[in-house]
Amino acid sequence: MIVLNDIHKHYGRVRANDGISLTLEPGQIYALVGENGAGKSTLMRVLAGHTRPTSGTIEIGGETISYLTPTLARERGVGMLYQDPLDFPAMPVWENFQLGAPKRTKQEVIDVIGELSYRLDACFLPDEPVSSLTVGERQLLELLRLLDLGATTLILDEPTTGITPEQKQDLFNLLMKLAREEQHTIILVTHKLSEAYELADSILIMRQGALVSTLQPPYNEKELVTLMFGEAAEGVEDELPQLPPAGPTPRLAMNDTHFAGPKYSMGPMNFIAQPGECIGLAGLDGSGQELFLRGICGLDRMPRGVMSLDGKEYRSNDFNTLRRAGIQFVPADRLEMALFPALNLMEHIKLAFPDRRGDLTEFYETQCVESFNLRAHPDTNASELSGGNQQRLLLSLIPDDSSLLLMEHPTRGLDAGSARQVWNHLKGRCAKGASLIFFSPDLDEVLEHSHRVIVFYDRAIAGIVDREHATMDIVGALMAGKPISELMETTR
Amino acid sequence: METFGLTIAAILVAGAPLVLATLGETLTEKAGIINLSLDGSILLSAMVAFAIATTFDNPWLGVLGGMAVGATIAGVLGLIGIYLGQSQLAVGFVLTLLCRDLAYFLGHSFSRQPGPNLGLWHIPGIGEITLFGPIFASQSPVVYMGLAAIFACWWWMYRTEGGMRLRAVGESPRAAFGRGIRVRLVRLCYCLAGGALVGMAGAAFSLAVKPGWGRPQGCEGAGWIVLAIVIFGGWHPVRAALGAFFFAALQVSGIYLQEIFPSIPAPVFQVAPFPMMILTLLAVNMGRQGWVQDIVRRHPFLKKFSNAWSIDAPAALGQDFDPKKGL
Amino acid sequence: MKRDSLLEQIGWLGAAIALALLLTIIVTLPSGAPPFETIYVLFKGGVGSMSKIGRVLASWVPLTLCAVGLLIPFTARLWNIGVEGQVIMGAIFCAGAMRPFDEGGMLQIAIAIIAAMIGGALWALLAGLLRVFGRVHEIFSGLGLNFVALGITLWLIFGPWRRPGVASMSGTQPLDMSLWLPRLGKLSVSWVGLALTFAAIIVIYILMHRTEWGLKLRAVGENPKAATLFSLGPRRRLLQSFMICGALAGLAGAVQVLGVYHRLLPAISSNYGYTALMVGMMASFRLGLVPFICLFFAILNVGSIQLPLQMGLDSSLSGVIQGIMVLSVFIVQGLRLWLNNKREAG
């Protein structure tokens, strides 16, 4: 049994955890739900010994201590699985497995991996570098490693991001087995209520750094939503705008196009997008959707093929030319890729609209404050903005006449209110005739906001599915590599 | 055959300090720390090694002194760069200039003085063996030190638990911390170990390869070449050592070329390794250029070569890590 | 985070100076020299008389030109270590441009200065091209090119440009008096050099803080990937920043040839490039501090010439002190950071 007692964790003025007390029993599956920024991950890092709490105590194994280190946590049987696996991609499977464990020979390690894999129905080649595995496989390997270290309390931070529905089902079955048969404590950190319903014996709800409630089944969805989002739960999400009838010139047409990135290349691809269309990209990490977006905007090369935009043909995809032609790219990693951390908002406006002369204060008011509700002083540095405000800033920097928006995970790290605002804005642009191509590791989000879904598998387009056919089952199967012909037959 | 053997022997000697320093820097960088102070470190440790050897009339004490100096400089870099969170590149660069000037300042009274050196080791009974004989029958100890260090580094990095941890902190300090490895301490340790090897290289210069101390000593610029060789060597000790011998071979061939083309002034040959250094780095990074990748994709059999040619740096090279901030 | 008060800042500065003094004494102990007397001789040698102050200013001019120039590539987060070689290249181009003239006046001097700036800029461009298109880190390209520039100087002095009869380290045939930069009164510094340096400081200030170019360069330095997304042309801008720095370094080379040595010699750059890098680091690349630190470093450089004469010590002590000062600033900055973090956590 683990008891957390009045845990506080403050980062400067931000109170990520504000006095949390919690008891975890063996053999139980808990779901820790809350919005982005509610403090779920921080609390779990405290429990895994990866962060020291500002104050509070942890009672574990009959002992009361003020903080854990990774080593102490391991000795007490606590193991944590991160959303992006915390492993060493360049190193082989067996070394990843061994690092942090008591000393053994390579052969012993290989034997242990083989035995555990057999028990849990997995397969790993010990000398393969971890970088060649999928995110799902890397998570499974981490899970095996934690079990081998004797972990009896397993924390899984958003484990279903970036894996197929099938892999998710396998993972959930495994977790269920570990809790029921081996009396492990499982804590599933998630922002998806559906996962919590499916698995949890009790749901812990966090909001703004505090544990607001613990619920037991049967769950009342309305109560849960209100507890989780508070007032933000109210609010309307716009419908996906009706697709206008296809005109003579498509917005984007790709003709036997090849793209080549630093890690891999793909092609030939043929594809047409219409004005006003929202197109979602689905696929496991590294299946090609990233290169697809980066290729269209010209950040990665187009060695062969042709691309046309509004009827104008481009044989090479020069970024600046395409940008002038109306293509805008918004990366998922906003602060790392798209903003200048130590420049202020006004300077961003100056850089984004170089043709605008004179006083930009008024422009800032209309562009950022009024249309985006970006409540920050123009002297604020980009690094001091919250994730939601960063995305608002980026969207406000996109000129109104842009015709094709390419977005990587538009709502990454945003709370529900901000996410809804972002989607309403994007849909508004589509209704005015702009096209949107986006991807998200959250399959629900892709299905909800797309007229069509392009599924990528193994660095190629596996299939293009209409809205009416785009169900979790079909898209999930395509993502896992089932051929489209087979799937379409079974649905008929 | 005889001259060939002697040429090889000359390359081995000229390459020994480069190999030692390259291995040292490879260890440090594999742990994620860039020690840019190499050029100054080598000079200062060369000076101290010579001074100690002269004062105590014992060259091996000089080697130890050189190693201590190298480790101390690396320790300063480690403390400021790892624990005080300052830019490793900036601190390393300042240390380079500082140590160079310090070497000239403190070594003033040892300048152009006669002093002991490490001499040669004679191995009886192998003189008659073809090729091997002329190379190893009577050879400087630094050559054996260099060759032993290559094997030791390779074995430590790829065959031991400690080496696994070393690579882990250089690949992903966050993940290493999550596995209970004390990232900063491990990094500091390899900083010190690498620095000691660099110091040994300095001693090898002033006590064997270019015996004596003076201004210039003759090893100016070697540290920069070593930093480039580490990149060329793809952070692998064996390949890095081959790179070091390649540059030594260039130096040796420069001496021959100078005899063949007496009209070209000597300074031209002295700076020749530096454009070579730039060209080598240019060539190593070529595999990352888009057009090269296109060719490779069209001819898959080239893939093996291009993969082996352009090796990625340790993923966390030069990034600092503060465990207090958590993951 | 609130800014520290002025008093606190001065306190930290004092701590850095005390630390530097302490470290200097420690590392120079093995030389057996009396530390305080040595430091006294050093400073007296720098500011003891008008002629010495003139020499300090003559040394301040090229040092400041290089250090101010370095701010530009550093704003783009580039380490132009090749600045030393760019000074040398400037000197070579300057000497080359002067070769046809046996005598002349301001016109010839102006031509030589422009040639020097072009030479420095081209040499910097080479390092920039290697960085931008060849993916060779500018530390290596710059450093390698420094040695190459030195090699070219030596080759010219011993080869095509050697003095009739003698080819020696003492350099090429001296320039005619009429081609020298005019001096400031009896001091060994030229008013032209001083004027150009002040002009350079002002131009760099305007460029960095008052123009769109400066803002864009800062953006490129902050985040090159985002700069690509904003179509700021990061590659072109990096090359431009290198070339501006190279041109100022070339100008420093010209001042060395026309105002100080009046010929090309192997030690023409006097290590000003490397010293300027130290100045930049010590000033944390803040323009306002650069001229003052340059002045201090110039005093050390000039004063150290007295050391071999009066104390029998090597003149490289000035470099040692400069290095220790920069290191002390780093240590004090690190301690401040550490204390701040601790205060925030506790």
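Observations
In order of appearance the chains are A, B and C, and numbering begins at 1 in each one.
By our rule, a residue touches a chain if its C-beta (ideal position, glycine included) is under 8 Å from a C-beta of that chain, and two chains touch if they have at least 3 such contacts.
It should be emphasised that the depicted structure is a prediction, and the values quoted were computed from it without experimental measurement.
Of all chain pairs in this entry, the one linked by the most C-beta contacts is B-C. Taking the mean of each chain's C-alpha atoms, the chain closest to the overall C-alpha centroid is B. The distance from the centre of chain A to the centre of chain B, with each centre set as the mean of the Cα atoms, comes to 43 Å. Separating the CA-averaged centres of chain A and chain C is a span of 48 Å. Work out the mean CA point of chain B and of chain C, and you get 29 Å between them. Chain contacts: chain B has residues 288, 324 touching two or more partner chains.
Each of residues 345 in chain C touches at least two other chains.
In chain A, there is no position where the chain touches two or more neighbouring chains simultaneously.
In the complex of the two chains, the chain B residues touching chain A come out as 161, 164-165, 167-168, 171-172, 174-181, 288, 290, 293-294, 297, 312, 314-315, 324, 326-327.
On the side of chain A, the complex with chain C involves touching residues 12, 54, 299, 319-320, 323-324, 329, 331, 336-343, 347, 350-352, 354. Across the complex, chain C meets chain A through its residues 212, 215-216, 218-219, 222-223, 225-233, 344-345. In the complex of the two chains, the chain A residues touching chain B come out as 45, 48, 50-52, 69-71, 74, 80, 82, 86-91, 95, 98-100, 103, 260, 262, 265, 301, 303. For chain B in complex with chain C, the touching residues are 36, 76, 80, 83-86, 89-91, 93-95, 97-102, 104-109, 221, 224, 227-228, 265, 267-268, 270-272, 274-275, 277-278, 281-282, 285, 288-289, 324.
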